[in-house]
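Here's the structure we're looking at; comments come further down.
The first chain written gets the first letter, and so on, giving A, B and C; residue counts start at 1 in each chain.
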Amino acid sequence: MKQYIIRRVLISLVVLFGVSIMLYALVRSMPSDYVTLSTSTNPNVTEEMRDHLREIYGLDKGIFEGYIDWLLSALRGDLGESMVMKRPVSQVIAEYAPITFSVSLISLILQMLIAIPLGILAARKQYTKTDYIITTLVFLGLSLPSFFFAAILKRAFGPYGLDWFPIAGMLNARVNYPDGMTWAKLCDYFTHLVLPISVFVITSLGGMLRYTRTNMLEVLSADYIRTARAKGVPEHRVIYSHAFRNTLIPIVTLLGSSLPALFSGAAITENLFGIEGLGNIGLRASQMADVPYLMGFNMLLATMTILGFLLSDILYAVVDPRVRLS
Amino acid sequence: MTNADKNRNQRLRQVKKENARRFKEFKKAKKRKIPESEYVTQMKNQDNILEIDGLHTFFYTDVGTVRAIDGVTFSVPRGKTVGIVGESGCGKSVTSMSVMRLLQEPQGQITSGQIRFAQRKENRAIDLSKAPQKVLEKVRGGEISMIFQEPMTTLNPVFTIGRQLDEAIQLHTEKMSKKDIAAHSVEMLKTVGIANAEGVYKMYPHELSGGMRQRVVIAMALACHPDLIIADEPTTALDVTIQAQILDLLRNLKDKINASIMLITHDLGVVAEMADYVVVMYAGRVVEQGTVQDIFHNPSHPYTIGLMKSRPNILGSEGDRLYSIPGSVPNPVDLPNYCYFHNRCDRCGKECEGPFPQMVQLSDTHRVACYKALENQKEVQK
Amino acid sequence: MSEEMKNDQTAASVDRMEELEENRLFMTPGQIVMRQFLRNKLAVFGVVILVAMALFCFVGPLFSEYGEAEIFYVNPETGVEVRMSDHAGIASAVLNAKAKPSAAHWLGTNEQGQDVLTRLMYGGRISLMVGFVVVAVELIIGITLGGIAGYYGGKVDMIIMRIVEMFVSIPFIPLMLIVSSMLVGFKISPQYKIYYTMFIMGLIFWAGVARMVRGQILALREMEYMQAAEATGIRTSRKIFRHLVPNVMPVIIVMATMDLGSVILMESTMSFLGIGVGIPYASWGNMVQSVNDNVIMRQYMNIWVPPGLCILLVVLAFNFVGDGLRDAFDPKMKR
């Protein structure tokens, strides 16, 4: 197992390397670079000034050379300076990651709390009305375009509709909060996050719910479930103890793979609700061809993907006694 | 589309409609609370632990009704072993699943008949085919327990052996401390001949071999001292050497707790060794039943005779071809009411075209369903 | 009984059994799948939606005299609508923007004075077409490479799977933003841009298909019946087409159906962000884009809600159908 993981990590490093090359080449081959994009509306900027700026940003070098430079400094831990944010990339990530992470984590937890029990219920009542209702709702969520759903929620619950929740930002800008965390501030965060988190949860609930249902159905037809029934185990205990422990195995592996999503957030939802998170910045960065941020952000995600894989393996060994890390 | 196709599609639709109606009715009936008077009954013979009487279990499929059990009647006397033999698909396992009420519902339903079971502790008899879920849960594992065919998959892979044994005990005993339960579990493991009982108690199923697992399953089945053990092909998946050990174990333990065994197998050797009574099934019906002596020394149904002949015989001269019954078991969907064996039977005559033959009583214990029973018997005796 | 008579008897009874056998009901594999599928009411509902949508998008425009990008004007004095072709009338008319739903414009007009219902039909064409083309491209590449990786294994497998992983770990939206800006930079007209976009989406999405096909083939190779087939020494082509393909096919069909939904969702998201289908062409995604204007969001729901609902319905339908097919193909799901 250990050997397997080491091998997996080594292979992943190769993949990471490949991803970084592809990404760098792509971003740099955009027909207009950051300098052109950011100065195009300013008629006072001359071509010489642009060239000078390019030199400063390191955009004067060719793709190959530029990549080597980026790689060497990245290996030393220096991800360069974000052009859009005008600050070191690592600082930007450190500052905004907690926002994205906490929003995504809350969503993920809510998602699990809803998806797993409902998935089990749908499996138990397979092909009954309950199952049909759950399935329909889940697919509705799965098929909702997040931008459309966000718009509907904003219209319905925002200032133009019921005016229950604010529709942009993380905090009310008109209130001056002290630096620390106070109760009022927390409440304000909460009201701002209700709508975006609803969008996150409802549009991504389906995958996990269907997964739970399918696995539960599979487990319910297993021989050991019949054994449990033959032992006289009451039906609810058959489901929630015997079957559930076995369904947990695939669900847990799914959790590991959602690690990168905790950091990437849903760029579009963040953008629509004006949440300053990593995904939202990433969206702007790609519009402005911000090479260092894009590289830093995407490499973070790719690394998280690999860590998520490791996490899956470890969790797998925790829930399934047949697998032991030795 | 040809005419035949059209006809077929029409019939398919009809089957579909009928099944839908049946399932709906079944679900409705399931919700009803069953009063005690409906399932408490009397045993016909007080010596019996289980009496199956005119049992019909049908499976409603898309292509018609499978009469998996079509009027089966036999009983299991207290403290005795009854072997049920037949080819695969003859309804042996469905019989056991019907007794446990573990059929795949609503496709599989007990449509008529009684399964009377004597509840010693409660001093009454109940009809398992009608008993409500709550009563069944008490009976399962407590008074009737089951040993399955495939030891590799019958144990839950994520729980330790100990936990699974403890659960079985805890479900059917009141006021027993955790410690006592654990001690009893270890005791049971020792009883089924597991040397390192304490160690195995903490192990997971995947750490044990098939034979060991089957011992654990037996320990689990016997843990609550059931009155009836249903063993569904308990040794089929095991090595021959282990088979003998497991059978010995089962026989000894059964005597120890004075239980009865309903042994389902296709292996006549196992039956000869274990059983007191034998029931021979063919395509969902009992074709012959009697004591072991009756069946082995005096087989009277052509099918039983065929089975006996197709056993490998060490005493037979080398190069003898093994006998095999010609043809195969009929497709069980929508079988009409006549002797299904007649197309494979070498003694088939004019009278065999009629409805399914009545049981003929050959002796006090020996019954057979064949028009030519008496004739056959004479022939065999010759 | 004489030997001859006995033979006759047996023959007669065998005949009777044969007759019974002939009369027996059976279902062809196709019928079984069909039956299972039709049993799933949601899947049937999905098919109905899809058929209706296809009719709406492809046949609907025949009944509408309005053009996709046609702009409507209105004479401010008389209040009479003026069409774009009426050059004389336009001179004294103003844009008939954000008109309320009426008999002439069932869903009103948008901020540019275009008929919303007509654009909904043309937008649907684009969305459905993008879905089918992208899925076709991803299937062709994915099945080929996944099949090769799974069948041959070893080094080939290793290399292909690493490429797949690379494609999977690149985040999609930034990538499409970059690609889109490249397309704009190379001055590709909006009319062709959509084709490029489709092709590139297919190029990105193939990785998922390849991974799945490979997984299936690897699993099949482990199956005992496959080993049995191999043991009989059949030809490679026969092995692939008689054993592997039929077994992988259901999974591919299900995946393709589900992917049709997610590609349409993706395309609409891109169009919403302004990087997919561009003006003047309509797409459901870019029609919802009007919602970014707060006034439209508040007062003109007839402009942005219908296209959003169309996306929802079509994606939902594909998901229902895909799910129904999966259950129908899976013999374990039988009821």
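By our rule, a contact is a pair of C-beta atoms (placed from the backbone, for glycine too) under 8 Å apart; a residue touches a chain by one contact, two chains touch by 3 or more.
Just so we're clear, the structure is a prediction, and the values are computed from it rather than from any experiment.
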Request  = Point out which chain occupies the most central position, where each centre is the mean of Cα atoms.
outcome  = C
Message = If I rank A-B and B-C by number of C-beta contact pairs, which comes first?
response = A-B
Ask   = Between subunit A and subunit C, what is the gap in Å from one C-alpha centre to the other?
value = 25
Chain centre separation in whole Å, for subunit C relative to subunit B (CA means) = 50
Note = Flagged in subunit C as touching 2+ other chains are 335
Task = Mind listing the subunit A positions that touch subunit C in their complex?
result = 11-12, 14-16, 18-19, 22-23, 26-27, 29-32, 126-127, 132, 135-136, 139-140, 142-148, 151-152, 154-155, 160, 210, 217-218, 221, 264, 267-268, 282-283, 285-287, 289, 294, 298, 301-302, 305
Ask   = Okay, in this complex, where on subunit C does subunit A touch?
value = 41-42, 162-163, 165-166, 169-171, 173-175, 177-179, 181-182, 184-186, 261, 265, 268-269, 272-273, 285, 288, 291, 294, 297-298, 301, 304-305, 308, 311-312, 315-316, 319-320, 323, 332-333, 335
Request  = Flag every residue of subunit B that touches subunit A in the complex, lowest number first.
outcome  = 100, 102, 133, 137-142, 145-146, 148, 150, 153-160, 167-168, 171-172, 204, 206, 217, 220
Request  = Provide the residue numbers of subunit A that touch subunit B in the complex, in ascending order.
outcome  = 222-224, 226-235, 242, 245-246, 249, 319-322
Inquiry  = List the residues on subunit C that touch subunit B in their complex, please.
reply    = 1, 6, 9-10, 12-14, 16-17, 20-21, 24-27, 31-32, 35, 335
